[in-house]
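Here the structure comes first, spelled out in structure tokens, and everything after it is commentary.
Labels A, B, C and D are assigned to the chains in the order they are written; within every chain, residues are numbered from 1.
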Amino acid sequence: MPCLKHPDPALLRAFTDCAFHTRRLCLELITQAGWGHLGGSFSAAELLACLYGGILTIDPRAPGDPLRDRFILSKAHASPALYATLALRGFFPIERLFTYCRLDGLDGHTQRGQCPGIEYSGGSLGTGLSYAAGTALALRLEENFGSRVVCLLGDGECNEGQIWEAAMSAAHHRLDNLIAVIDYNKVMAKGKTSDLMSVAPLRDKFAAFGWTVLACDGHDLAEICLAFHRAKYLEMNGRPVVIIAHTVKGRGLPAAEFNYHWHTHAPTPAQAEGFLADLNRTYGRAEKFSRALVAPTDGGLEAVITADLAL
Amino acid sequence: MPCLKHPDPALLRAFTDCAFHTRRLCLELITQAGWGHLGGSFSAAELLACLYGGILTIDPRAPGDPLRDRFILSKAHASPALYATLALRGFFPIERLFTYCRLDGLDGHTQRGQCPGIEYSGGSLGTGLSYAAGTALALRLEENFGSRVVCLLGDGECNEGQIWEAAMSAAHHRLDNLIAVIDYNKVMAKGKTSDLMSVAPLRDKFAAFGWTVLACDGHDLAEICLAFHRAKYLEMNGRPVVIIAHTVKGRGLPAAEFNYHWHTHAPTPAQAEGFLADLNRTYGRAEKFSRALVAPTDGGLEAVITADLAL
Amino acid sequence: MKLSYSKIPLREIFGETLVELGAAHPRLLVLDADLNTSSRTVLFKQRYPDRFVQCGIAEANLFGLAAGLAAQGFTVFPSTFAAFATRKALDQVYVNIAYPQLDVKIAGSYCGMTATECGPSHNCAEDLAVMRSLPHVKVCDPGDNHELRAMMHAMMVTPGPVYFRVAKVNAPELFGADHKFEFGRGHLLREGRDVALVGTGFMTAIALGAAELLDREGISAAVAHLPSIKPIDEQLIGKLARETGALLTIENHRIHGGLGGAVAEVTARDYPVHVEAMGLGDTVFEAAPLQDLLRHYELTPCAMAARARALVQRKRRASAA
Amino acid sequence: MKLSYSKIPLREIFGETLVELGAAHPRLLVLDADLNTSSRTVLFKQRYPDRFVQCGIAEANLFGLAAGLAAQGFTVFPSTFAAFATRKALDQVYVNIAYPQLDVKIAGSYCGMTATECGPSHNCAEDLAVMRSLPHVKVCDPGDNHELRAMMHAMMVTPGPVYFRVAKVNAPELFGADHKFEFGRGHLLREGRDVALVGTGFMTAIALGAAELLDREGISAAVAHLPSIKPIDEQLIGKLARETGALLTIENHRIHGGLGGAVAEVTARDYPVHVEAMGLGDTVFEAAPLQDLLRHYELTPCAMAARARALVQRKRRASAA
């Protein structure tokens, strides 16, 4: 269990690597599938790298260990980032990533048990925090006081009333083994959160619902670690904790930052190459894709009918 | 339009009468039907008396006037109190009250258009504030800036996430023609709200959701008027207003006050007589029921089958 | 035939059986949404306060919490009225529970028209249709106290999601204390040649009454009880179709997509015969006592006998032609 | 038969028709839940920003707002994905909209399997069954662009709640620009004697393909299209039952309680014949491109022709016996 208060520079470098390759792999997966959520995957890259790099107590070789920490990706559309992080951390072979959005492959949104490390079936926004609270309650009923439940939410997702039902019940049941993290990237699917359905001030809302509120820069590895250090070890006072992580949607790609167009579009192979170049520039690297990317084709209904009639 | 800031004593006496007879009629209806929500009807008696006594701009002879204020009873299980208040204010004949919970009669929960003055089909808690916000939005789209929408909620009802979705959207759309009132009687169906699912601090929650928060004693007529005076005339600043009305569930009946048993039980005719005596004592009166009360009988499935087989 | 009616309402049996199961299964949890004295989960609460979780009036969260708890290996009974179990949290039941096939047993109290005076918002005539449309969810409606109890014991040894109804009614006694419940298995309560009356839940008692009336006029009506609507007893339906050639179903539910629909899907596929459905139509509920609702919606032995009589005539005309 | 496919996807027609209707009906409002560029309500938003209301990712509130607006005399089109329209706000649709019969037209985008890669949480194979179980709600699934447009014009002059699907697909052209849509009315696209293939939505194109294949082997298959699932065209179903004696339905939906169920309810009641249903089974969705899903779930002309062939044989054996 690494020190989160003063994390070792080597550890932070490992986090940096993980976050970079998560972004790189997201580009590969989304481009190959012709579908996926790029912006919200990129805004969560550092958070996931830190979580699976040492914040979460979880062993890739024993992902079912009852004493593990639980991680629930409520904003399950960021699945490419989670899949990539899990693969990079050794939960399953990198190759398996490339079944993303294929038959018998990894779903566009996470499905519980579909691959090692996935705890929760999601995709319908607003449902994850309740599930996480139920998980936290279960741990307490089992007198497992060592494990924590961490739930990652989107800011637009906080429009959903169920988030506030869950927030109210977690405080009522004094679930101080529950940590919610808001990927506060200020953008939802079709525009700025403040334009479409403002959730501000998030700090006051969670405080009024009985939570301890912490904040950090969601792309600053040391800040992330420090926030979790406080959340995991200092705040065991009968209140659930929320970390408001200020992030940038599409972080790392000038073209995609704060740009809702890239919430859910897939780049063409050519665009993807350009994006990788941008990433290399942003992070001072010279990485390549693991393969030549090809865009998929879906002939849809027409292809199916025409093929059969041509028999 | 009476002055709400310094209400005329005669007006307050009229409110007192209305509130008393609303309680008396609730006893009659619920006893005769053998079903109904007594506690939550009694806690809202003064609020409804004031609203229909002069706070709401609405003419019993023209309940469909587009320029009226709209009232939405989100806690629609308090329908006996609303039906009684409407009848007492002349929206429909008192006699019609006695169809409560009979075939082709008044429903146990309000149904839009079932009788004059009912705007909203309810009974499923948590849905009324959205409907009220939609109504407020409609008034603004029609450039009707004179009418207000008032929505009465229960405190337990604020467990429902949809209330917070509605609260968020009303603030986002700057619906300052919307006034929510919380019948804050501290009790829900099966116990104290603070024990079952605490909503405190309600003030902070609504403030954090962008509302102007006012408070009053929900049984003090002058305080209620003053709160609405501020809500209707002083707070037109782009924010919806919530009035937290501190009330007592079952108010007026020592046996029922704060007692969740009387959330939804129907008294026997004998108990009802006793309750009326209590009411007369509490409010220094000597009123009688309008008729001899009889408890209904529901032979249920057995009666229906036995009758047919006996043919 | 003289039916006797239990003095103990179904919901009381529900509460008592939860206590019984709670004793045998330490990992059984009961979740409530501020209705425990109505649903009678209060009996479990009093006996096992540490395994009873109050979730307040927040049904989406109720089922989300249930999913999270079940994912950690608990068997969870979230309980609320059928109307709210069906309509307030369908997404949570579907995405978080049905898909991952978690061990959640959903009790729908006050189902069908048994919320009586509550009216449209609380009565629920679509839960069977809605729950039947979800993958992996077993759907049932017990006919009497013994069957509810047997059903709850059966679901404890059957992993995965179940939706079951708990009507607010004093049920007729159809079965003995030794009654066995099996998912997918129905019961032939009465042999008959001319028509088969098929019921689920307590409505089967009305079918028995109708059969009695038909018998008096020389019409031989079989009566079958299908407590398990998904999976449904295709063998029994086939036998009834072959032997009587005309089925009349009755349910405490709308006639779209419930028992009548499930039976018609089977007969239409395998044994095309006449199937008519009795239940609620495409209408809103009145709020009234149960006896008045049953008569108002023509769900009585006399009404069913009349429908059966007409059906038998149509069948005969059809085969004559 | 050579089908041609529109270059314009159905959702684009949905958006364009909203703009068209918006011009003619000043009291038409469109509500969105953060999906307007996907659902294409963005076209209305650009043209009539004052009559477009953004509700955020809060579907319960979306339908509650719609009810409140409709209660004041607006015609409201709340729009989200079919999955969320069905599962996230069933209670609000039911209690606040269906019961008071408010003028709310609910568009379910990305219906059935057309949310493709999104997987189980976004694909929705139960919306027809669920919406059909609600009182007063008309339910339909248009077959092509012209029909969607005609349908939307029809609902503007038909007060009360409607649920209609907008698949994410480039639809085959079944009809001309002069196509008329009527609630409760289906269309016979092809005459036939041996079996009737009955489709709804874009799946009717698969039925047409199957009929073509069957024709090559001398089996005469009628093809009918039922865009209106509630009310449903009982006359046409009766005609098909009488003339072919065997129906095979196909839908972009689970086979429980949808088109297949609705058709079986009618035939079982009035014209007992074999009815088999093709669609999704009791399974979770894969997340994959549409062409892969159609083949994986055996919803292709070849698969349908095979089912029809077997059905015709069963029918013949049955009538021989």
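The working rule: a residue touches a chain if its C-beta (ideal position, glycine included) is under 8 Å from a C-beta of that chain, and two chains touch if they have at least 3 such contacts.
Fair warning: this is a prediction, and the values are worked out from it, not measured in the lab.
Asks: Chains touching chain A and chain D alike, please list them.
Replies: Looking at chain D and chain A together, the chains touching each of them are B, C.
Asks: From the C-alpha centres, identify the chain that is farthest from chain C.
Replies: Between chain C and every other chain, the largest centroid distance is to A.
Asks: Using mean C-alpha positions as chain centres, tell me how far chain A is from chain B in Å, no decimals.
Replies: Chain centroid spacing, chain A to chain B, equals 45 Å.
Asks: Rounded to the nearest whole Å, what is the centre-to-centre distance of chain A and chain C, using the mean of the C-alpha atoms as each centre?
Replies: Each chain reduced to its C-alpha mean, chain A and chain C end up 41 Å apart.
Asks: Hey, how far is the Cα centre of chain C from the one of chain D, in Å?
Replies: 29
Asks: Would you kindly tell me how far, in whole Å, the mean C-alpha position of chain C lies from that of chain B?
Replies: 35
Asks: Could you list which residues of chain B touch at least two other chains?
Replies: 111, 121-124, 126, 159-162, 165, 168-169, 172, 197 - these are the residues of chain B that touch more than one other chain.
Asks: Hunt down the residues of chain C that sit against at least two other chains at once, touch-wise.
Replies: 55-56, 58, 60-61, 83-84, 87-88, 91, 95, 99, 120-121, 284
Asks: What topology does the chain touch graph have (line, ring, star, complete, other)?
Replies: complete
Asks: Would you mind writing out the residues of chain D in touch with chain B in their complex?
Replies: Listed in rising order, the residues of chain D that touch chain B are 29, 50-51, 53, 55-56, 58, 60-61, 63-74, 91-92, 95-96, 99-100.
Asks: Can you name the residues of chain D that touch chain C in the complex?
Replies: Within the complex, chain D touches chain C at residues 83-84, 86-88, 90-91, 94-95, 99, 120-121, 125-126, 129-130, 132-136, 230, 254-258, 260-265, 267-269, 272-277, 282-284, 318.
Asks: Considering the complex alone, what residue numbers of chain A touch chain D?
Replies: 33-36, 76, 101-109, 111, 121-126, 156-157, 159-161, 188-190, 195-197, 264, 296, 298-305, 308-309, 311
Asks: Mind listing the chain A positions that touch chain C in their complex?
Replies: Interface residues on the chain A side: 111-113, 119-124, 126-127, 129-139, 141-142, 161-162, 165-166, 168-169, 172-173.
Asks: Can you list the chain A residues touching chain B in their complex?
Replies: The contact residues of chain A facing chain B are 159-165, 168-169, 171-172, 197-199, 201, 204-205, 207-210.
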